[in-house]
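For reference, the structures are reproduced in the following blocks.
Common to both upcoming complexes is chain A, partnered first by chain B, then by chain C.
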Partner chain A sequence: MTDMSTAGARIAGLLHERHDEIVRQWADAVTYAAKGRLTVAEVQSQVSEMYGALAKLVDSGSRDLQVPEAAELRAVLAELSRSRARRGFSPSETSIAVLALKDAVQSQVDTSDAGLLASFLWFSRLVDEFALFTFETYSRAREELIVEQGEQMMELSTPVIKLWDGVVGVPLVGTLDSARAQVVMEKLLQTLVDTGSAYAIIDITGVPAVDTQVAQHVLKTVMAARLMGAECVISGIRPQIAQTVVSLGIEFGDIVTKASLADALVHTLRRSGIELVRRAQRGEA
Partner chain B sequence: MYPAAAPQQVNLVPIVRDDDVVRVRQAVRTAALAAKLSLVDQTKLVTAASELARNTLIYGGGGRAEIEQADNGRKRGVRVVFADEGPGIADLELAMTDGYTSGNGMGLGLSGARRLVDEFDIDTAAGRGTRITVTKWAR
Partner chain C sequence: MDRVPVLKIGDILLVSIQVDMDDNTALALQDTLTERIVETSAHGVIIDITALDIVDSFIGRMLSTIASVSRVLDAETVVVGMRPAVAITLVELGLSLTGVRTALNVERAMELLELSRPARASSLSVVGDGLDVFDDDSPVA
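Take a look at the complex of A and B:
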């Protein structure tokens, strides 16, 4: 234990003594690694902040990131990794921001001083731990980002649109898994209530493969809409989908299906008593 | 030999999570395109693969799909193997019946998939896992 604290003390002294040189060198290395994506001022403020928090931890003689004294450093490192993860830095570009400190300190170490060298080794292991922590926070931030984007995409990709007074349309695009099917159903049912629509058209032109799961979700949505008194039409059934659905043995029962959204719209308009008439050409009548 | 696709190259896709089913579908579609299957045949094979991959996940407790180009000397095609080390299927005849399901699906996945492909081979027994091989040939 005493070894450790003396080891820490020697390097702590150096960190204070050579503060300006180390910070400058560290900031230079980080700026270079950022390849112009960060301004010099940005890097300098990040680096000085990290350096301050780190010097405090080294002063305490602890090499553990879990102790209360390390809370400030942990927060600074976490913020750095998160902002870099969001700005599209790679994992190695992120951890190099921490690891570059080693080189900066090493250049200030007098290699003939065995005691200081040992102290530097101790410090080096400490920096490795910081880098690992940075890496972990980075991956967590990336995972959060992916989940977030997935949710955004789900919201974006399931619009319910008004096609006509009393007719709403749901264009389905991509994979219809259970989670999305749930979102689609909720949105459609809510829109039916909000707009007082009596007809809904579910368009599956953008669904690449209609398997039993997709069919089951669509059928459930149609049934739910029916319970609310709305009539559903399924459109966008392409030839290859029709043949596949028949081979699979899926039956749509008495649900109206149409090849195109236009056909479905005409069908619903007719059902609601609207006649579409082409205006007679001038001079014809 | 056909110069376009590397023969005997097996594309192994693990089936562990929900989105792996999507990955299997995409890999099968790519293989079907490479084998020059028609649009209808592509869609049929991809749909069959979707059903079988989901069965592997739900009933087999996860497994893998092996996708490869097939060639019988006269025709090209795509062969996909779905394998799991799950509980296996005790009553195959019942499982292959339209509308029968031990879960909460439509009961058409296994029987429907058989109708969607040209060759369908199933090797299973209770406690021994399940291995299904399907092949679709280009016309």
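Take a look at the complex of A and C:
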């Protein structure tokens, strides 16, 4: 470890000595890579913050990102990659922000000095590690974003609407996987309790394909609603879906199915004792 | 041991389960309820499980048994107030409470029982008030 510490010492000296030049070059490279999406001032403050934290780590002679001395640098790098992930920067644009430091330092290294060159190689490996760390944080932030959006989509896509006094409707839109089916089921059952509705219409017009899994989810929802004392009608079965359902051998049993939401509504109204009549027009029989 | 009270409203028996059900409580309830059905010749039993957070296979079977026993005595059983979480659990467990009718609340259960009111010896006395079992076109009236 001793040679590593001395190797670190040489480059640490250079980092302090040429602070201004390196930061300027680094900031220029980052600004260029950002293609105008970041202001010069923004980049400069980011870069000098990173540089300060980095110089402290190099001073300590450590090359491990897990040591306590690296905590500040880790936080700075994580913040950078997270904010870039959220602002839609590409992965390479993000890691360039760190890797550009190598070029900036290299331009300050006297290539005839073998000791300094070795020291630079040591430093270069360190920067690679930072870049890896940045990339990891970046992808983690992206994944968080995806999960977040998935949740929002789930919230948006499952409204339970009141169609009539005592009749609620659930228009299902999009693919129904287990997670969404669960959300739909819970929301529907809760609405039944809250509104005291005895009828629910599950409309599957917006479901692109019905396979055994989707059917299973819908059937479970209907069974659960029945246990609570509400009756479910399934509507919006397109011709193609009807054929698929039959060829898959899915049995809806005694569950009422209707082709359109309108039919289902009329059915539930009739069941709850409401008869719809068209007022006779003058001149009609 | 906790006891579950059985209330009589007209010819309907109302059971509201407010305590945690264990084996003994459940068996005692079955006994009491069967006796009361015979005693009052009730035509309907409403079991309110709004307060139950957990319905396991044991309680599920108890509800089914009560329903079967009541049916033998010509009384309809309606389970009311099942919570969404409970319903989901039962479906996931594959328990469908066969033979048990369900309603959202006690009010609806009473409407349901009203529709399926059977002919009863105890209600024959009201014939002539034009109220009950026999319609106008019935030969007895």
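Quick notes on this one:
As a working rule, the second predicted complex is superposed on the first by the 274 of 285 C-alpha atoms of A that agree within 3 Å, B and C clash if a C-alpha of one lies under 4 Å from a C-alpha of the other, contacts with A are read in each partner's own complex, and residues count from 1 in each chain.
Operating definition for what follows: a residue touches a chain if its C-beta (ideal position, glycine included) is under 8 Å from a C-beta of that chain, and two chains touch if they have at least 3 such contacts.
Everything numeric here is computed off the predicted structure, so don't read it as measured data.
Superposition note: with chain A as the common reference, chain B and chain C can be accommodated side by side.
Within the superposed three-chain model, A:177 lies in touch with chain B and out of touch with chain C [touch as defined at top]. With both structures placed on the common chain, the touch criterion links A:208 to chain B but leaves chain C unconnected. Using the contact criterion defined above for the overlaid structures, shared-chain residue A:193 touches chain C, although it does not reach chain B. In the superposition on chain A, A:225 makes contact with chain C only, not with chain B.
For the superposed model, the angle subtended at the Cα centre of chain A by chain B and chain C works out to 70 degrees in steps of 10.
In the superposition on chain A, A:103 contacts neither chain B nor chain C.
Looking at the shared chain after the overlay, A:143 reaches neither chain B nor chain C.
Looking at the shared chain after the overlay, A:216 reaches chain B, while chain C stays out of its contact range. In the superposition on chain A, A:240 contacts chain B only, with no contact to chain C.
Of all C-alpha pairs linking chain B and chain C after the chain A fit, the shortest spans 10 Å. On chain A, the patch touched by chain B and the patch touched by chain C do not overlap at any residue.
Partner chain B is touched in their complex by these residues of chain A: 175, 177, 208-213, 215-216, 239-241, 243-244, 247-250. The touching residues of chain C, counted against chain A in their complex, run 78-80, 82-88, 90-92, 96-97, 101-105, 108-109. Partner chain C is touched in their complex by these residues of chain A: 185-186, 189-190, 192-193, 196-198, 220, 223-230. Taken in their complex, chain B has these residues touching chain A: 18, 22, 25, 29, 39-40, 42-44, 46-47, 50-51, 54, 98, 105-106, 108-109, 111-113, 115-116.
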